[in-house]
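Same chain, two partners: chain A is paired with chain B first, then with chain C.
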Partner chain A sequence: MNAQPFGFRSVRTAEAAALPIGALIASATAFGLIVAALGDDPFEVYRMIFVGGFGSWFSWENTLQRVAPLLLTALCAALPAQLGLAVIGGEGAFALGGLAAVEAAILASRAPAWLDIAAMLTAGMAAGALIVGAAGFLRAWRGVSETISSLLLNYLAIAVFNQLVEGPLRDSSDLNRASTFPVPEQAMIGTIGDSGLHWGLAVGLAACVGAWVVIFRTTTGFSMRIAGGNAQAARTVGIPVDRLIVGACTIGGAAAGLAGAIETAAVYERANNSLIAGYGFSGILISFIARHNPLLIIPAAILFGGIGASGGLIQRRLGLPDAAVTVLQGCTFLMVLMAETFRGRSLRDLVLGEARTS
Partner chain B sequence: MSDIGVFGTVMISLVGGAIRVSTPYLFVSLGECITETSGRINLGQEGILILGAMVGYAISFKTGNPWAGVVCAGLAGSMLGALHALACSLPRVNDIAIGIAVILFGTGMAFLVGKPFIQPAAPMLPALDLGWWSNSEAIRSALRINALFFVGVALTFALRWGFSSLRWGVVLRTVGDSADAAKALGFSVLYVRFVATVVGAFFSGVGGAFLSLYYPGSWTESLSSGQGLMAVALVIFARWDPLRCLWTSLLFGAAGALGPALQTMGFGQVYYLVSAAPYALTLGILIASSSRERRAAGAPRELRAV
Partner chain C sequence: MLRSLNFSRRRLLQGSAAALAAPLIGVGPARAATPTVGFIYVGPKNDFGFNQSHAEAVALLRKAKPDVKYLEEEKVPETSAAEKTMESMIKLDGASLLFLTSFGYFDPYMLRVAQKYPNVQFRHQGLLWNPDKNPKNTGSYFGYIGDAIYVCGVAAAKASKTRKLGFVAAKPIPAVLRSINSFLLGARSVDPSLTVQVIFTGDWSVPSKEAEATNALADAGVDCVNCHIDDLKVVLGVADQRNMFSFGLNTDQSTLAPKGYVTGALYAWDKIYGEFIDDLAAGKPLPNLLKGSFAEGFVRMGPFGAAATPEIKDAVKLAAAELTSGQRKIFTGPLKDNKGAEVLAAGQSVAAADPTLGKMNYLLDGVIGSIP
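After this line comes the complex of A and B, so read on.
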């Protein structure tokens, strides 16, 4: 890369676009082969994903409705990732956030609507912040692997969620499934104009832009990125790495909790186990595809929201189980991660094996 | 012998339950022990476990032979392990993230391919009846111990011996402790880690077959709830020693058996909280055994901070 007086930046940009696109093509191909091996027509599946996710305004509405929580759960992974942490606590934070939000909204139902909504959203954020912040705290305090601890905290959070929803907080008049009492009418989150989209989408977009500004345009964000590159060096120059770790995890958790709160108040009305639908896990994947860049999270979330929205159509039309979408996500995740190996290396390097593997 | 009281019954069912529940932990932790001794962490064991459970069940159903199911579960696990190992062989690929991807992919594949096997009943693995001498049904059922547990115990001692005394054990530890030293001695680090990951994944696949072919003993999509991940954490606590993996697995098994045992005593209301005991135990153990100042004793030096 030394003989590039002015082309360097454009090569980097081209690479930044080519790698994820290449990875997506590779994963679509791998997924197609799996589908073909199971005896289905892969091209029909691709078509269904397009039709179900992006083919009409109806499917766009469906997709964007999924995008709203995904933006926030992706931030839950992306913020700690700036510090080199792989946090996967979004799922538990999402569920508990939804539950805390419902209960807070019910408790504050006598208050004016704006106060009720504020209490609801704050409670959701606090619950999420607690779960993921704990993983960050354990990392900073004892050096516990944040990946494993946040996964365990997920299971613990979901156990607490189930215990509360099936036990003390259950609305016994709902015989179909264990659910809490509904969010009071005044605290429900409405739609934007007369579209089918709720305000959560706007919140998610604003949060992504805000996170981008913090990460790339403030000293705090700069410190985070330095600490992510080399924690030792960051400590040497006096950056409070531990505080940044706890802070990034707490705010990330708050984002996932907020997603759960909004999802409950805008879509489900009650907290029940439909909140545990994998939004937290998909968020991790989206964050990695976006290389933890909050602005790139937006297109990645739209892509995955679309794939998720098409799951139902694939199931109905082709009889493929829901898990087909999980397989596609898994393929994509693998390919995106493997594509990292090509970053910054020309084809010539790869062929000649210039960069030695260890 | 017939009158051992409620407490005695619970204790016996807890011991029996501990052995029953511990078997998948034992297999996954032994497998992960091999992989981590070579200096690499495989978080994908959870996905490998679930795929193993599905393949084991499907093959047992198709062939009528549960042991064929066990072997195929191991092979399927190995294939997923090979995927993990190949991906991690590429420079600058994050092994923790690849582990998460393998969990997602393995789980998805198991659910996708395994959909038709949710209903039928496959032949189960046999158990050894060590309680024949007793006329108490509680004792007899507690001592009806699955054959795979004994395989796991035998493997524990074989691995312990192999790690310390056999050529491959020494090579494995050399690679795990210093990749540079291993290279200087002429060993291919990537190849050793590849084999260690594939063999480790075979163990996890077998652990998965236990889930679907003995206890709980059917293929459903909620079969595993993090046992694979907990086993990875367990290895840290067991300090990369196969024998300690055995004891720790039994401890985890006991924690997992607590829920059903308490339910028989009438504490059914807090079922969800009690069933979370193994997660809380794992987290507590992780906190206690981690330290930011020093590396855990016995940790392979090439292993990234866990």
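After this line comes the complex of A and C, so read on.
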């Protein structure tokens, strides 16, 4: 970084707050204009988003239930991102994690409940770790683009998933829909107290905090960020960049696999194609909005979950199509990414067109 | 001007608190005298297929029974999001009756929500409801669409010049196998020498394979194509290009094949929903199970397309009338499957609602093709 003008720290803090808030205002405005162009009242839509996503405890439950898996699938993108890697294999890891978890829980169903649950979660993590870790390994070993390989591995994972669920692992008592046998009763993950929220939310929050500590408070995390800044320089000073790449991808994949395992054991009860509902891909967007900072993933996921949760109310009360909330999520994503390009530039620079190189 | 902007901090806090609270007022459950009914669809409301058939029924009901409040939500995935949609309709909009139109909502999502809200009624499309196991406030409704597909078979037998019929099918599940077999039986009721060639695409919506399958049927000399898939646009479009006669499913699709469309097999959801809603409005207990065919008015034939000649129209009307009166029975022995095993002995006959038909796992003799 170049020398900065006075008040460097406070300017940076103000900027860190102003950019995302400005981006949110801009996306809300853009979305409002689209709504107005369709002949609806944008303020009524904003009100419904608030009511549907955050207006009551029920709305919060609805939002937070969507947040639980997103926290973990966002980590699948955020951890490798510290090393400058763009991994998009979360969707496949989520599905295979769910499938592996069901099968492990069935195999271990004679063990005590705690052991059954442990086996189930471990199997989910292992399946996710395997598939995203493979993309990391190919990157470290042969320099294969992890973006392309993890994208393609998604298709592979989903094809394997479908083949197993429709073939050898299918519960043949249901003729109409291919599903596995259910997770044994003892291994089902329950809710937190009387709320409608399952323990996956707590696991996701803990994982985000844990990932933040590792990245910003340990030497390993420091090494990761150095390698992300300049891999060549990191190698020169003896940082094991390749090991970090494989490790970050493996742990990221394990997080997405864990998300699949928890959702299956808490919500779906069986593995079937409902698991492939886009949680893995949404996690990537959230990681980008959070600038790959694990702590910021939490508010970003809540924002996304809340917008998603309000989709039903917007349809029913205002007659807008389901795509309306998807458009708002898309606007938000674009605006946040655009706002990033303003980072480190003062208003004067922007007006005069002098981009400061940093 | 300046003065008016000079809020004290307290005033500002009060104001913003009021602004935040304002939306909360008037969004509580609107549990008034008007019965509120919710409909949940898995796909878009304008899919030219199954979801649209429900949305069209709701549009008819909005006109016919305007005293009821109707809630609709489309593209609700078969995940926990479905549970939240049900709860949102109950808690935020005061719904007292919910219709779940897609198969995968039943277990575990609808069953879980139904247990949580014993005063709300849940009805699920299909025949999954089990009176011994499932909560009393749940139930099923279904129309035997196969009977209407049988009538399409009658029309195809009248229309075909090459004497070869074809069928594009999604997955080999009992409901789809029943559609194929019904189409064959309808055709054979006119001409026992007719055959139906079937091609399975493997999934509910794979446009490339659907186009391929329709072309393959045309190349094999088939001139009448029917299908059981989600979205019929591709099959009907290709059928028109290849100068084939075509048939619709779920909604009126005659505009998709302006040349070759004959008729279609339609659900009459408005009739089924109307019966439930009348009971609800009258304060009567709702039936758990409503199922039926032509006689109950739960299925019907679609409008005729350009390819329907007067002779075809008469045959369709006659067959539908005979099914309505019970004079004609579709599944009447002797019937063999296309591997030679006996399905129904001579002289035996089963009604549309017979549970064995719901477990169908065979293709009848006369269907060319096998279950993958």
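Criterion: the second predicted complex is superposed on the first by the 334 of 358 C-alpha atoms of A that agree within 3 Å, B and C clash if a C-alpha of one lies under 4 Å from a C-alpha of the other, contacts with A are read in each partner's own complex, and residues count from 1 in each chain.
Here, a residue touches a chain if its C-beta (ideal position, glycine included) is under 8 Å from a C-beta of that chain, and two chains touch if they have at least 3 such contacts.
These figures come from a predicted structure and were not determined experimentally.
Asks: In the superposed arrangement, does A:181 touch chain B (first), chain C (second), both or neither?
Replies: neither
Asks: In the overlay, answer first, second, both or neither for which of chain B and chain C A:321 touches.
Replies: In the superposition, A:321 touches chain B and chain C alike.
Asks: With both complexes overlaid on chain A, does A:137 touch chain B (first), chain C (second), both or neither?
Replies: neither
Asks: Comparing chain B against chain C, which has contacts with more of the residues in chain A?
Replies: Comparing touch counts on chain A for chain B and chain C gives B.
Asks: Where does A:330 make contact in the superposed view: on chain B (first), on chain C (second), on both, or on neither?
Replies: In the superposition, A:330 contacts chain B only.
Asks: With both complexes overlaid on chain A, does A:86 touch chain B (first), chain C (second), both or neither?
Replies: First partner only.
Asks: With both complexes superposed on chain A, which partner does A:145 reach: first (chain B), second (chain C), both or neither?
Replies: It touches chain B, and chain C stays clear.
Asks: Pick one for A:94: touches chain B only (first), chain C only (second), both, or neither.
Replies: A:94 sits against neither chain B nor chain C.
Asks: Once chain A of both complexes is superposed, is A:163 in touch with chain B (first), chain C (second), both, or neither?
Replies: Touch partner of A:163: chain B, not chain C.
Asks: Have a look at where A:288 lands relative to chain B and chain C in the superposition and call it first, second, both or neither.
Replies: In the superposition, A:288 contacts chain B only.
Asks: On chain A, which stretch or stretches are contacted by chain B in one complex as well as by chain C in the other?
Replies: 321-322
Asks: Show which residues of chain C lie in contact with chain A when the two form their complex.
Replies: Within the complex, chain C contacts chain A at residues 23-24, 27, 44, 71-81, 84-85, 87-89, 91-93, 103-104, 108, 126, 173-175, 359, 361.
Asks: Could you list, by residue number, the parts of chain A that touch chain C in their complex?
Replies: 47, 50-52, 55-56, 58, 61-62, 65-66, 175-177, 196, 263, 267-269, 272, 274, 277, 309, 312-313, 315-317, 321-322
Asks: Applying the document's contact rule, which stretches of chain A touch chain B when the two form their complex?
Replies: Of all residues in chain A, those touching chain B are 34, 38, 86, 88, 138, 141-145, 147-149, 151-153, 155-156, 159-160, 162-163, 166-167, 281, 284-285, 288, 320-331, 333-334, 337-338, 340-341, 343, 355, 357-358.
Asks: Which of the residues in chain B end up touching chain A in this complex?
Replies: So the residues of chain B touching chain A come out as 43, 83, 87, 89-94, 96-98, 100-102, 104-113, 115, 179, 189-190, 225-226, 229-230, 232-233, 269-273, 275-276, 279-280, 282-283, 286-287, 290-292, 305-306.
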